[in-house]
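Shared between the two complexes below is subunit A, which has subunit B as its partner in the first and subunit C in the second.
On to the complex of A and B.
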């Protein structure tokens, strides 16, 4: 009996916590006049679908394509550059590796909003701002690369060293052992971490806002911010936009929930 | 040449290459901007001198100007309140929920995982949703508070200069609770269950067990969560952009947002970099303490 009381409370807590998400979807489904009712209605009286209207009117396809380009680009760089580093940091113990790990950890904490000033000035001087989305990809990859290395390192530490040593004895090279033994065995960790990095970059805002001036190249976050504006009254539209934007993210989250939780906790405390 | 290739494929050279690939990238795109940031903060950088290498060197003049700016005091005090209140409430709520979900009931770990849905969302979208919840006239939070009799009149969360900072803090606590809860759950799960059973046999009550077993054994995770909380809170930018833009008249402005405003809205780029340099030094300090302390714990 006690278990079910606890379960009821747990559902209540989850419900209270996730209320903002519910409110986003419900507001998106309300008609314009129903939004401005006080007291508010907790379930829409008339359902009002403006998904297509918002999608077409705000050119969300363009915004989401740009978000996708930025997220894919940053993730590709991070996976290509970071996986090997995570592996080496997991395998080799020496004073230099400790220094490298410490440096990585320090770079992990640099806030984007503080790094953007020097990045903007230096990118401007070398002409990178001519390619604003590439500039955002490069900066965002640098922002999340340390996190990826730290999380993937724990995935590699769980791969038994003996398997690789056996491969070496069988005449495999170190490089061969890395690609054929270590990476396949750590693939779950690598995959979940890549998804995390991808989702973070999909919601990137500071760099895009500061480096991309041209509207056609901006991602969905910047589009949402300019749609909201200082005095918006189209809250139904804003919430519809938000819902279109985050629903794919939430679906990926629900599918990978268990793995994300365990990957995250393994990395953060070690 | 053959020797070079075999060293890369087969020995230490391989590890060194892998590490340098990543560190090289980070050097170009993180470490260099970090150093360059300091250089800019000693120069006069505005829209006119932005493109030239030869910018006037002014020494610590920018620092003097920023620190004597009347806004600086407000921003500093706001930043302190923002960080302390966010971290304290994220910790209390996160720890409470972690303790609750530690109990044995069906679906506990699945329901606990659902909290991370808030953490995974883009912070700008979270800010958009909260700015609608907090809206003065038609916001649902005002309605809820009124129907519980907690307030008599609507609070204009985002435009009232006395509460606008708190509205960002509320949204930030919401965003940070899941991460705190999950990390603390891991810590709680690693406490051996027989300690509690032994204490119970000796007649220790629930509070006594909490104070004498849980809290002391949770010292390391709690320390980690506090340091990470400070670091993440100082990274928070999107919520300010979505909710208050630092306003009204800097009432909710914090250092990381001010730095961006100076650089990208008023184009006083060297002043923006001064704020950035000062804050980065602080963040790295916190991170260094945290990293050192976790290494120390590992040696046990």
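On to the complex of A and C.
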């Protein structure tokens, strides 16, 4: 009995969390007048597909390409730099490593909206604003790197040190043991964290809004914002835009769910 | 077995910051021999083994493997194989891939790897399991893969780091014999770390007892049992552990008076009368007899039977343990007589804890 009550609560809360998502899709499918009807309809009476129209009219291909460039760029830098860093923090035990870890965690608490002013000034001085998307990639990489390092560090800590030592004795170098033993065994952590970083960067707003002035270089988040304002009437269009933008993210999440296979390291020890 | 030294350690020291883990270790391991490093936890035996593998660097001294100086040489250039306590099998590789990992690192041809994997699998009894992953194996099978991974290398030395401590008792005894018979077949130089003195005694040709980073004694297993160099080795080797009793040499110099037991034991050497000593009596050397014609009379507190043998503990202070093969008709509270052959009485200096030799130097 208790099980069913808990289940009912779980469903209720999931419903509350997912309601905005549902409302986004439903509103995107409604025609203009039905959106403002009261009481609202929970399922559109006339389906109104305007995906292609919105895609073409709002130049979504351009926005999404920019979003992808920014997200992939930031993720690539973070994975390249952060993986080794996380490994070192997981393996070397010393007071300086604790200091480094603390400093890393400190960087994470600074919000983008606070950091953007010094970033803007310094990027302007070195001329990075000439390449605004690169500037956003760098700023975003710096922001998410600590998160990546901290999460990957735990993944590496779960890889027994003996496995690398065995590889060393078997004839591998430190570097080889890292790439052939540590990385493959921490790959779930690395993969999940990378996707997380990618999705975060895909939805990045503050840096893009501040550093990218040219409309053709702006990502989808900034583009969407420019269609919204006090006089917005095309809610169907906005919601369709959002749906197009969010759906790939949701699909990635569902796929990611399947990749989290636990117990990969089971059987290594004992 | 040739007498050529395969591993030579000269004045090896190891510091971890302030901690002095290994102190002036001198050890020569002949080619083809099986050496056990044994001692309580924290004695430095694992550190010594890891230093041999190159996983730890030594702070001082010289380390040679097959005549080559190994100080500062990375593990991959030492040509030694190690079996870890936790086995350390690569979980993302099959048994075949685990076995051939070192060969694949050396870019050996595929057919050669496959043949070697088959051969080693036959030796270790893994024929049917080559395509399994470590997580699909039992503890004993994993142990065999770990062994196989070492055997396939045909290394200059095998290093074992407490390989049996994760197995249950029955399997441990079985693997003990298997490792030893494997060694007898392959005749590869082996260094075996264990905290279990029974393992060390049964498997090794040469036992090295370590404590606090110092070699307390080394020698053949029975040599350590018969002639322990000091009180620590005497207490460590043998099960159940040796009984230690404070005693004084009698006025005649050829017997000792056990304190607290009011007993006089003849000894086989002459010592200075009145000298304080620590007497060591092995439980299995104490013989039960009638109280009237035995040198020690004891009240028995506890009698334990294992079926094949009986363990008696005395109610005296100091407590004595007696090992009796077979069964005894003794109940707790009963007084029994105990005697021991003079040549089986071990004597140690109470201060230095060193073995006391006969003053005439006859021993």
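In this text, the second predicted complex is superposed on the first by the 249 of 270 C-alpha atoms of A that agree within 3 Å, B and C clash if a C-alpha of one lies under 4 Å from a C-alpha of the other, contacts with A are read in each partner's own complex, and residues count from 1 in each chain.
Here is the rule we use: contacts are C-beta pairs under 8 Å (C-beta built on N, C-alpha and C of every residue); 3 or more make two chains touch, one makes a residue touch a chain.
Everything numeric here is computed off the predicted structure, so don't read it as measured data.
In the superposition on chain A, contact is made by A:165 with subunit C only, not with subunit B. Of the two partner chains, neither subunit B nor subunit C is touched by A:16. Applying the stated contact rule after C-alpha superposition, one finds that A:91 touches subunit B and leaves subunit C untouched.
Legend: residue contacts after superposition of the two complexes on their common chain; A:173 is shown touching both subunit B and subunit C. When the shared chain is aligned, no partner comes close enough to touch A:126: not subunit B, not subunit C.
When the shared chain is aligned, subunit C comes close enough to touch A:185, but subunit B does not. By the document's definition of touching, of the two partners only subunit B reaches A:139; subunit C does not. The wider contact with subunit A, measured as residues touched, comes from B rather than the other of subunit B and subunit C. Across the superposed pair, subunit B and subunit C both touch subunit A at residues 173, 176, 264-265, 268-270. Across the complex, subunit A is touched by residues 53-55, 74-76, 78, 80-82, 84-92, 101-102, 105-106, 133-137, 139, 142, 149, 153, 159, 166 of subunit C.
Within the complex formed with subunit B, the subunit A residues making contact are 3-4, 6-7, 9-11, 13-14, 17-18, 20-21, 23-24, 27, 35-40, 77, 81-82, 84-85, 87-89, 91-92, 97, 100, 102-122, 124-125, 138-139, 141-143, 145-146, 149, 173-176, 178, 199, 202-206, 209-210, 221, 224-225, 228, 230, 235, 238-239, 242, 245-246, 249-250, 253-254, 257-258, 260-261, 264-265, 268-270.
Within the complex formed with subunit A, the residues of subunit B that make contact are 8-12, 14-19, 21-23, 25-26, 28-34, 36-37, 40, 45, 50-51, 53, 97, 100-101, 103-108, 110-111, 113-118, 120-126, 128-133, 135, 137-138, 140, 143, 147, 174, 177, 182-183, 185-187, 221, 224, 228, 231, 234-235, 237-238, 241-242, 245, 256-257, 259-260, 263-264, 269, 272-273, 275-276, 279-280, 283-284, 286-288, 291, 294, 298. Considering their complex, residues 160, 162-163, 165-173, 176, 181, 184-185, 263-270 of subunit A touch subunit C.
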